[in-house]
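In the part that follows, the structures are each spelled out as structure tokens.
Heads up, the next two complexes both have subunit A, just with different partners, subunit B and then subunit C.
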Partner chain A sequence: MTTTRWHFASVVTLVAAMAVVSLSACGAEDGPGDDGAAPAEPYRIGAVLSLSGTYAGLGEPEKNTIEMEVERINEAGGVNGRPIEVIIVDDATDAETAVAVTTRLIEQDEVIALIGATGTGATMAMRQEVDRAGIPQVSIAGGTVITADFHPLVFQTAWSNSLVVPFTLRYLEGKGVSKVAIIADSGGFGADGAAVIKDVIGTTSLELVAEEAFNPGDADMTGQLTKIKSSGAEAVLMWNAGREAATVAKNMAALDIGIPLIGSHGNARVEFIDGAGDAAEDFVFAAGKVLVPEAYAPGSDEQVVATDFIERYTERYGVAPDTFAGHAYDGLYLVVEAMKRLPEEFTAEELRDEIESTNGFVGIGGVFTFSPTDHNGLSDDDLVMYRVSGGVWTLEK
Partner chain B sequence: MGGTELLQFVLAGLKNGSIYALVALGFTLIYAATGVINFAQGEFYMLGGMLSVWAYADLGLPLPLAGLVGVAATAAVGGVFELGAIRQRKDGDPLALIVITVGGSMVLSSMARHLFGPNERPLPLFSGGGSVSVFGAVLEVQTIWILGLTALAVVGLWYLYNRTGLGRAMRACAVNRDAARIVGIDTRLMVTVSFLLAAALGALAGLAVTPLTQTAFDVGPTVGIKGFAAAILGGLGNPIAAVVGGLVLGMLESVSIAFISSTYKDAIALIVLLAVLFMRPQGILGRSSREKV
Partner chain C sequence: MGERTIDIRTVAVLALVGALVFAVPLLTADRYLLKVLTFVGINVIIITGMALLFGYAGQVSLGHAAFYGIGAYTSAYVVTSLGWPWLGGVALAVAVTSVGGLLLALPSLRLKGHYLAMATLGFGEIMRVVFVEARGITGGPDGFSGIPFASVGGLAIDSAGANYWLIWGVAAAMLALAANLVRSRAGRAMRALHGSELGALACGIDLTGLKVRVFVISAALAGLAGALYAHVVGFISPSTFSLHASVVLVAMAVLGGTRSLAGPVLAAALLTLIPFADAVIPGLSRSALETIQEWQEDIYGLTIIAVLLFVPGGVAGALRRLSRVGRRWG
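On to the complex of A and B.
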């Protein structure tokens, strides 16, 4: 009797656990275009996204975007007369899982290209598999290392820190600031940004007077900010992509430090404004133009593309797309547009070469022009400074 | 470094320390009743914040009521978890129970991910965003709430343990389960009650901190590890020791930031933890098992 009940309980637990797992997996597995009984064999592309774990909030809009755009591409006749199928898998914000699912995409699904990963750590971990299979990878993560540690097969759609940091430092110079302090997340994106800041600050008129760090999940940064307060800094430069940004802003307001807080494109999320509330007022950061479409030149190709995407996304999902949705859009279309320029049958190497020859592709994150030495392909023209004012993003002069 | 700055570091240490203390209390209560480390304790912290946000933002309840709903609902989850998973393991094998709590924590955070989404969610400050000046150092009003709720929880636990029949029965179970059963105490019920209380304490911490940090489905493990370290540092099984352990850990981190480096604050705190455990394996206030028998 005892054994039976224990057995029953474990079965129930197992079933519940499997239900949870399958919930996260379904929707990801069923590719688009199944209903149309497409006669032609689809082109298969793999997408490694963080649908659970720390970056789940980034992976969700990315998945939404890819599903919506794949449907659109196939309704318009696909690529070279064949439909495309994007197989989306979850890396759980974990480098080892990313490697495992990448291997499966390559071995079992025989994908011709990879989009992702969502995070820098997972992107770098995938490299060994990408290298072995010899297929192109378009990462949608923001770490500088992805394209700085150059690999011919790897491209990147997010604005890298090596682009955003100098842009932000020039803004501070223009505002007459001379002493700055860094507060950064000790994790991938924050540590990457802090390293780039220390690298390039010597080329500016700015002086670094304090450097503090915090860990993901920390509940209080008043200690670090107290040190910054006594360092004589005239501005605080914060580099992180997690929810701790709101805590930093609130702690700064409570301590009444009285100097501006400057963030990064990692803070371009509505959740930051919701979380920091009044403390988010006058928060300044650099990011692409997608947050405030007026930033695009009126009537430009960029504005047309972005407005169309924002309208369709908002209609389908009930919220406006964020910057991460934009990175996924760019990743998908950089691959698809290159495929369209090729004949129906092509090799992985030809696809890689064609992606590298991308010239002036108008995406959401900016206008991409790759070269054999630049696989990020964006420029300062694709960035603007924003200021949080009245609880919304506004363009900063 | 001026006195005001030093005081600011002490206040930061107290604030983090009392959060760790509340989570550590939960570890200690369950350890006393079952001899098991409950690795789902961090998820109770997450649920306390998350269910309060749900009651406030999605159900539209006023904040005090929403907080009450959050803590009560989490306590209920703790009780159900004990009845549905822990109690089913009849032989009470500690290793099996620990594995069950690890699995439970994964199930709870996955369910929160699917019910409440992947993004962080905010909760308003309990009584506005003001702060008071303590000899020039800044003390946020929400921090006073955190310190006050921790003190209240400690006093409440002390009263329960020393002045009520239920508390005496729980202590009896902690000292000797078989003897407690012989004198007619329902030891199974005491285990359920300790899970209810531990979940409520974790939830209280999550509720008090969420207005400052927001909450998300994945906040549990980090806080769980800190609370566990605090419980070990103080000495497992003793509520006062859990509070002392929490405050010492918070203060250690603060001192590391002030005098050494914020990058290595967690590492420094853990090195001190290890050093203490080498000298006193039973923790700062813990009794050695020989004494206990």
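On to the complex of A and C.
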């Protein structure tokens, strides 16, 4: 059949054309030096953020923060007399894309450090590339696995569940609660939190009497909450970072369970209060101090840094920064401050060592002190309990 | 000239393209480009199976990302956690997905049209939950990390160029096998099935047996691609094997067109390259790339609508028309 034959021949020609195009692409690779006559070559840092996909809502404030802070750093003279350039790329909340764009940052942009990714999955996916390139990565995602599955090149700025869970359980103990129920989403953050709760609850005086789960996107948790109601629990511990949290709060109010709902730093978003309305009243959760700057000790370095950041961010973008903006701020400055402590020329290994030697860096998420075994660097002192009261966050104690 | 013979010109062009594709790592050291083209190769392996299933046998599956995932987790688990050799992991992945495909095909393929699509959709969702919940094996939502590179004996395939050769070598072999298959008696039977189930039945074709076999082959190819993917990237998580991935695979098959292998292969390459346009288009600015990435889903959707409206038969149809023009000139 001639058609079939020709058909194949033309396809083959097209494939050939494609291959030629892709090859000519690499020829054009070595000519990026024509953008103005900058006196000093900038330090290039890569940032892998989720600007589209499920975590787009987190990536946006992170991008805003990095752009704002990079301008500020460069206006103040840059680092070691050289400007910095942060190349922000979108991983589309997808592991494969994260790997490809990371390769591009390393190979084509020759970045000296990576910030990101926004999500835990993408952060873990980047590890092979980071490992091979030997450059430090400061993740701004919250998964426990990022630093629990330790890698010398990988740091983390978000409070991990292994820090927040014990803090929250101690609060419950202090309130005289003895029986608790968990309701968590089956997605990454919720499942991770539920696993940590089950791991550490044995070390407390608390007893776990019910464990329920829901899927991201579920619109009704009445069934799970009815079971919890009959379990004799004295408090409901919810672990979830999505908008389902508001549904849980509303369902609890509708069922009139009459026991407190305790959440996590995943609920530190205005969307939760807006979504749950009256049901958000008296909702308690642990998070960093950035939500209510008075949480910082008055006159402390932390308060000065946070208030300044909140003011500048609010002025520029018209909304107050959330905790995710804070994680990006910390990621950027952990790298930049380490660079400032080094001479103008340094290797990736020296930069990694310098980040690891960070001691008492005052960021938005807390005060970071890394060590060769702790790459999260935060402590209980950086957390406070909040209570929603009158539709706003207030300090709880 | 019969269907089984391939003329000398085709052989020459195929050899030329093959040589070009395999020469890429010799001509460039750009690991980003090689990585992106490796992803294209992996999708080519899956789409080869989808082309047989959808393009030749006319069956729609919305669950192939699940087979892709089963293959990836199987090999990742036995190689990383149990210390199997890489080849053993890949072989087991193919075996497991073949059996999985068979188990799903036997009851489901008695269903026709939309009902089969629904059954595979359900299967995909079930597997997504399994990937998340079977933490002991899959690592749960955090994913499975630290998967080693492919290695045969003491030889590790650990450079971007070597991985590129590995993937495209497998892709070429699978394409050659599929091209052989569609020229055979089974291939003609598949086309008859696509044309009219009743007609095919009247010709004495064992419909169920044929559908099951094609489904198993496509599942095994997806599993093979998954196993290769796991070792190329070194990390897998449930989000890679979601319904979204299944839909993109169907989109590649639809865009590629029916009764063709080359059409779907080109469509797979095209859709895979869209978000990485800067790897293949020299001098594409970063802002242009950002715009493309922002509109990626819309570009997918609009491309498919445009193809259905203006280019019936997809890439394959366009190629056929092109070849008719070419023949007049030749």
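Convention: the second predicted complex is superposed on the first by the 360 of 397 C-alpha atoms of A that agree within 3 Å, B and C clash if a C-alpha of one lies under 4 Å from a C-alpha of the other, contacts with A are read in each partner's own complex, and residues count from 1 in each chain.
The rule is simple: a contact is a pair of C-beta atoms (placed from the backbone, for glycine too) under 8 Å apart; a residue touches a chain by one contact, two chains touch by 3 or more.
On a predicted model such as this, the values are computed, not experimentally measured, just so you know.
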**Request:** Considering only touches as defined above, state whether A:170 meets subunit B (first), subunit C (second), both or neither.
**Result:** neither
**Request:** Go through the superposed model and pick first if A:149 touches only subunit B, second if only subunit C, both, or neither.
**Result:** second
**Message:** For A:52, using the defined touch cut-off, is the partner it touches subunit B, subunit C, both, or neither? Pick first, second, both or neither.
**Reply:** both
**Message:** Taking the superposition on A as described, I'd like to know which of subunit B and subunit C A:247 touches: first, second, both or neither.
**Reply:** first
**Request:** Would you sort A:186 into first (subunit B), second (subunit C), both or neither based on which partner it touches?
**Result:** both
**Asked** If you stack the two complexes on chain A, which partner ends up touching A:341: first (subunit B), second (subunit C), both, or neither?
**Response** neither
**Prompt:** First (subunit B), second (subunit C), both or neither: which does A:128 touch?
**Reply:** second
**Asked** Overlap of the subunit B and subunit C footprints on subunit A, residue-wise?
**Response** 2, 5-6, 9-10, 13, 16, 20, 23-24, 51-52, 186
**Prompt:** Residues of subunit A touching subunit C in their complex?
**Reply:** 1-16, 18-29, 51-52, 87, 90, 92-97, 99-100, 103-104, 106-108, 120-121, 124-125, 127-128, 143, 145, 149, 186-188, 191-192
**Fill in**
Listed in rising order, the residues of subunit A that touch subunit B in the complex are 2, 5-6, 9-10, 13, 16-17, 20, 23-24, 51-54, 56-57, 59-60, 186, 212-217, 219-220, 222-224, 226-227, 229-230, 243-244, 246-247, 250, 253-256, 271, 274-275, 277-279
**Asked** What residues of subunit C sit close enough to touch subunit A in their complex?
**Response** 1, 3, 6-7, 9-10, 13-14, 16-17, 20-21, 24, 27-33, 35-37, 39, 129, 132-133, 140-143, 145-146, 233-237, 239-240, 260, 262-263, 265-266, 269, 275-276, 278-283, 286, 290, 293-294, 296, 316, 319-320, 322-324, 326-327, 330
**Request:** Could you pull out which subunit B residues touch subunit A in their complex?
**Result:** 1-2, 5, 8-9, 11-13, 15-16, 19, 84-85, 88-90, 103, 106-107, 110-111, 113-114, 117-122, 124, 129, 131, 138, 140, 209, 212-214, 216-219, 222-223, 253-254, 257-258, 261-263, 265-266
